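Consider the two complexes below, in which chain A is the common component and chain B and chain C are the respective partners.
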Partner chain A sequence: MSSPRTSRALFLTILLAPFVLIFSVFMLYPLAQSAVLAAHQTYGPGTREYVGAHNLSLLINDPLFWKALKNTLVYTLGSLLIQLPIAFALALALNSPKLRGRSIYRLVFFSPQLMGLVFVSILGVLAFEKRMGLVNRSLAWVTGNSELLELDWLQEHVMATLVLLSLWLYAGFNMIYFLAALQNVDRSLIEASEIDGAGPIARLRHVILPSIKPVATFVVLLSMIGSLQLFELPYILLDSSGGPSNSGLTVVMYLYQNGFELGDLGYASAIGWALAIMLIVLALIQMNMIRRQERLG
Partner chain B sequence: MTPPRIERVTLLVLAIRHLSVGVWVILALLILSAAALVLTDRSDSRDDRALSMWVFSPEHKLMYDPIAARTSDTDAPLDISIMSIAAIQSRMMSGFFGGLPTADLIEVERATIGQVFMGPTEAIGFTDLTPLLESEGLLDQINPPSLSPWSTDGRVFGLPHDVHPVMLAYRADITESAGIDLTQAQTWDEYFAMLRPLMRDNDNDGRIDHYPLAAWYTQPDTVELLMLQGDGALFDEHGVPAIDSDRNAQLLARIVSWCLPDGRVAVDIEEFSAAGHQARVDGVSIGNLCPDWMCSIWRMHVPGLDGKLKLMPLPAFEPGGRRTSVRGGTMLGIPTTTEHPDEAWTYAKTLYTSPDVARELYTLVDIITPVRSLWDDPVYDQPDPYFMGQPKGRMFIELAPMIPIRTSSPYNRAAVLEVRDAAIALVDWAQSRGYGFNDVESIEPRAKQLLERAQTNVVRMMSRNAFAALPEQEDREQ
Partner chain C sequence: MSKPLLHKLALHLGLIALGIIVLIPFAWLIIASLKPSEAFFSALFLPPGDGLFGVDWGALTLDNYTNLFGLGFGRALLNSIFYSSAAAIFATLFCASTGYALAKFRFRGNGLLTLLILGALIVPPSLLIAPGYELLYDLGLLDTAWGLLLPAFAPAFGVFLFRQAVLQSVPDQLLEAARIDGCSELSIFFVIVLPLIRPMIGAFMLITFLAMWNNFISPQIVIQSADKQPLSVAIAQLRGVYRTDYGLLMAATVVSVAPVALLFLILQKQFISGLTSGAVKG
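This part shows the complex of A and B:
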């Protein structure tokens, strides 16, 4: 008869086995395979040629990769610097006790998320069309300048279009996080600051922002990782290409083009590893900064 | 401490009894969907002899179904499935990459075929049809330029479905009421000169009402079409990039000059959107580049143009130059993994070379067959009311032998996009220097520089392909 210790170990092993199995098959094995693939050139999984570190040197000297990286970073900055402040401002507005119909506004701002990225992208193509698109029509109507009808967003202002569309899509999503954090700010702290004579700006700076810092950090990290993985939006908006002069090509799009359109899973793996390393480094930097701030009080 | 066995069982029962409603709903859905799958599974009832075919056009299925049903040469039924071009592309390539079965017959659009030819020759997923075409005399029957996109290293991997010559569809209602006979225009310069008087803002909305041509430097397909018309070639006959040739630079400078603000004669009109269709109805463009397949799209989606358009051969770049071009295309291929190669070939021949299908192809979607022996069919002489009673089919057929030869290089799409990017850079450069319609010669040297850059980019892409380099290396060793 087995001892209680053995029985407990068996019980835990059985409980853990499904996760370990699934994690190994779908995460660890592909991860190891992609590292092996990164040293090959392939034409699909069936045909491969060992190229050693050639993919890495190609990547370093590949202007398209750098272009894709630059585009992705510009988009990420655009997202962080425009989208998050707007999301926070919306959350502040919705958190106001004087506001009526808060749940309706919340639904309105959050609703693009319910539609999904693909649908938003398709709507984006229509909205940003020349001449008949909603955006140009509105601009021309507001300014009275018919030349604005000819504004070619999807050819000449690709990055601006991407940032605007992602703003529509994600501002409401991030707003929900900020709103939840704001609603959890200790009321007594706010009241104490009011009694001490702090104005709205001082309250925001010294009471509200420090209180929501953990959530804000999480939102920043989430937005940054999401932005660096941008794919569907430009893929649909630009009809599966990188757009004029590859102005809308992102790192993940470039990975997809190489791996699944050209069949070079090796080079795609190399791109994937480059992106993964970048994400890990960024996450580590951010975590370090948070720890340092926490130590400084 | 580990609870005794009896206690563990009791805990389990209690846990199950206290599962939430949501969990029970999920479990119920799981059982119901599994049962539905088992009950509706028809895999056993499928005919093992049946051949499968993937097509991307509902009209094609409509044409093929009755023909396939009465094909007596083979007793294997043909099961035709419609899916999008992207779906066919991803399924087909997944099958080819993994050496897995796909369909027995696949229709492939031209933009997709490059991917098939990207790897080593032995990994091409389609059967080499050259011996079959030669032995059955089909190679001589098919319009020769129509074979080029589907051939590599002198081997043909697909039966061409079409020719797709291009004509100019112009707003005859506008030109004729203005007393302009556009058929007299032999060259693009003559054409633009004849239409300049119509470039006015009659309704005072701050915009010109009519432009001579719908064509724009940011549209890669349009740029490729026009360059092909002018004998510009992005690759030579061996698949070596020739993007930076003098001829290509001349042509790019010409095309870009049409779009420059100073003396602009071209207009950017989207091809497949409601906005674009409305602009055409409004007469924003007088002339539109029109491959044969475009006729049915306009007929279906732009009824407002009915009886207002006429067709004419494209004006040439120089006197005596080519009066047509080519755009798009489809082939039918037989994957090497098919278990029914003979039956698949029988069906391929029937569907692509039968007079009935050729007639249907023209009647339904205005596409002319590449089989030259079928061009005598009177159906092509019928007047088309949409095009003011012109015998449209005959007009396209007269141009069919003159369509330019196209490359099958897997890097063609990349090259076309590079040329488009060069055009964008050229427009920026020319605009910043105030160049316009009449400054082609001043623009040309810069066009050449930009095309050299495009060529470098494409060569860099090609040099990355270890498989393409392998045969040369082997040849050298031998």
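This part shows the complex of A and C:
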């Protein structure tokens, strides 16, 4: 018979070993390697050549990187400014008391999330096609203007296409968070404001918005973190290129092109770090908020 | 009609109109997957004809689906089911056990491990693409199922979620009572702890399953052989080769999305509660 002490140690090892082992090998080790790689140039895997800070100066002077960053930021801002107000408005509409069929509406607006990004991208390629696509044919039918059939989304309006697709995909997803927050707003506060004679706008500004601020900030940060890593949509919509004069090139696409089409994993890691620094700042803000919320809750 | 009633009616009309706009792409997708190419170009939705509701029902066909499976798409479907199930089962098991150990046991390294896991939460996945690929190359795991699955077995946020779930819903007294009754630690974990955190298990399994199903960049980098590709990579390649065969691409999208949509519809309550559990209390 083993002593209780060793059997407890054995049990803990069984609980922890699989995760700790895999986590160390496939998370911590590559994380450390990403810093090392960023100071190397490679010609495919296993061919490192030390270049020191060269990648950094390359990056700073790389017009394509800046173009990719600009595109990514435009997409991020575009999708935040259009998508989040719509998501919030949907949540407000669904939050009205005694609304019949709320769960059905919620499911309908959420349903695009059932499709993964790749599959949405394939649908997008077909829907935004000139002449044949759903979007142009609907536009032409609604307006009666057949010139709209010739609208070339995938060549001339790449950013608009990306923002519209992500609106369809994510508005309902973010609505879920807003709706959950709205349903947690203290009803007595709302009733008190009604008794005080506050109109709907004043109520929104002074009662509802302050009480959902933590969730709203969480949603904004989550959307930013996701948007900054945009890859699948433009990669498939633009057929693995950056689109006409790289108008749809994103940072992660540029990372992918350098690492896997040109074989320079070192430069790819440097790009990864440039993006990671931005994302880590955002994520730290987010975690700080969650912790503060937990303390309050 | 009274004013509140009018408001209500306007609200419903607005919501229904928006709902239709959201759902139209699905209808278009499904109908187009059933049409031969000629009909795809002529009608936006159902082909007009002499049948019921003025629709030529006879023009609809399953040919796109037969062609699709003739091209070996069924293999990709099976691969996706295998990868996603394996990731869901093992990630849940490993994360739940680690989360339990961190929440309920005091041992040397507990604080450090918790800190590392919290730190890993903020590492963006795109940072690990290049070094992760090189690691798989060094280990000889490129173009293997292990190369795709092993990194997916230990997501840091899973441990974080399960640690929270155990802290919230597994009381210490219950564990102590079970120990006094002579329960072994292993049976305490399986018989007492896991059932108590079942809502989180359901939500997390679904989330990992969907994440693997929809994952594109990892299999795109790791898997080269056609017979090992999941749906996400297979459909992207299909699009590269058959770019004008709209019906075929539509059918491929339907086949790729339908299984997870069905799974989601069955388990939607758990999914949505899991989704918001990190952000919203109550």
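As a convention for this text, the second predicted complex is superposed on the first by the 256 of 297 C-alpha atoms of A that agree within 3 Å, B and C clash if a C-alpha of one lies under 4 Å from a C-alpha of the other, contacts with A are read in each partner's own complex, and residues count from 1 in each chain.
The definition used in the following text is that a residue touches a chain if its C-beta (ideal position, glycine included) is under 8 Å from a C-beta of that chain, and two chains touch if they have at least 3 such contacts.
Note that the structure is predicted; figures quoted are calculated from it, not measured.
Enquirer: Which term applies to chain B and chain C once both are placed on chain A by superposition, clash or fit?
Expert: clash
Enquirer: Could you look at A:N288 and tell me whether it touches chain B, chain C, both or neither (first, second, both, neither)?
Expert: In the superposition, A:N288 touches no partner, neither chain B nor chain C.
Enquirer: Applying the document's definition of touch, where does A:T143 land relative to chain B and chain C: first, second, both, or neither?
Expert: neither
Enquirer: For A:F260 in the superposed arrangement: first (chain B), second (chain C), both or neither?
Expert: Both partners, chain B and chain C.
Enquirer: Just to be sure I read the superposition right, which of the two partners does A:S57 touch: chain B = first, chain C = second, or both, or neither?
Expert: neither
Enquirer: Between chain B and chain C, pick out the one touching the greater number of residues of chain A.
Expert: Residues of chain A touched, chain B against chain C: more for C.
Enquirer: Looking at A:F231 after the superposition, I want to know if it touches chain B, chain C, both of them or none. Which is it: first, second, both, neither?
Expert: In the superposed model, A:F231 contacts chain C only, not chain B.
Enquirer: Of the two partner chains, chain B (first) and chain C (second), which one does A:M132 touch, if any: first, second, both, or neither?
Expert: After superposition on chain A, A:M132 lies in contact with both partners, chain B and chain C.
Enquirer: Between chain B (first) and chain C (second), which does A:D152 come into contact with in this model arrangement: first, second, both, or neither?
Expert: Only chain B; A:D152 stays clear of chain C.
Enquirer: Please write out, lowest number first, the residues of chain A touched by both chain B and chain C across the two complexes.
Expert: 7-8, 11, 45-46, 126, 132, 260
Enquirer: For the complex, give me every residue of chain B touching chain A.
Expert: Residues in contact with chain A: 1-2, 86, 90, 93-94, 96-99, 115, 118-120, 123, 205-207, 218, 268, 270, 273-275, 278-279, 417, 420-421, 424-425, 457, 464-467, 470.
Enquirer: Touching residues of chain A toward chain C in the complex: what are they?
Expert: It comes out as residues 7-8, 11-12, 14-16, 18-20, 22-23, 25-31, 33-34, 37, 42, 45-46, 90, 93-94, 96, 99-101, 105, 107-112, 114-119, 122-123, 125-127, 132, 134, 137-138, 141, 168, 172, 176-177, 180-181, 184, 215, 218-219, 225, 229, 231-232, 236, 239, 251-252, 255-256, 259-260, 265-266, 268-269, 272-273, 275-276, 279-280, 283-284, 287, 290, 293, 297.
Enquirer: Can you tell me which positions in chain C touch chain A when the two form their complex?
Expert: It is residues 11-12, 14-15, 18-19, 22-26, 28-29, 32, 40-41, 44, 90, 93-95, 97-98, 100-101, 105, 107, 113, 116-118, 120-135, 137-138, 150-151, 153-154, 156, 159, 185-186, 189, 210, 213-217, 221, 232, 235-236, 239-240, 246, 249-250, 252-253, 256-257, 260-261, 264, 268, 272, 275-276, 278-282 of chain C that touch chain A.
Enquirer: Residues of chain A touching chain B in their complex?
Expert: For chain A paired with chain B, touching residues are 4, 7-8, 11, 41, 43-47, 49, 51, 58, 63, 126, 129-133, 146-147, 150, 152, 155, 240-241, 244-246, 260-264, 267.
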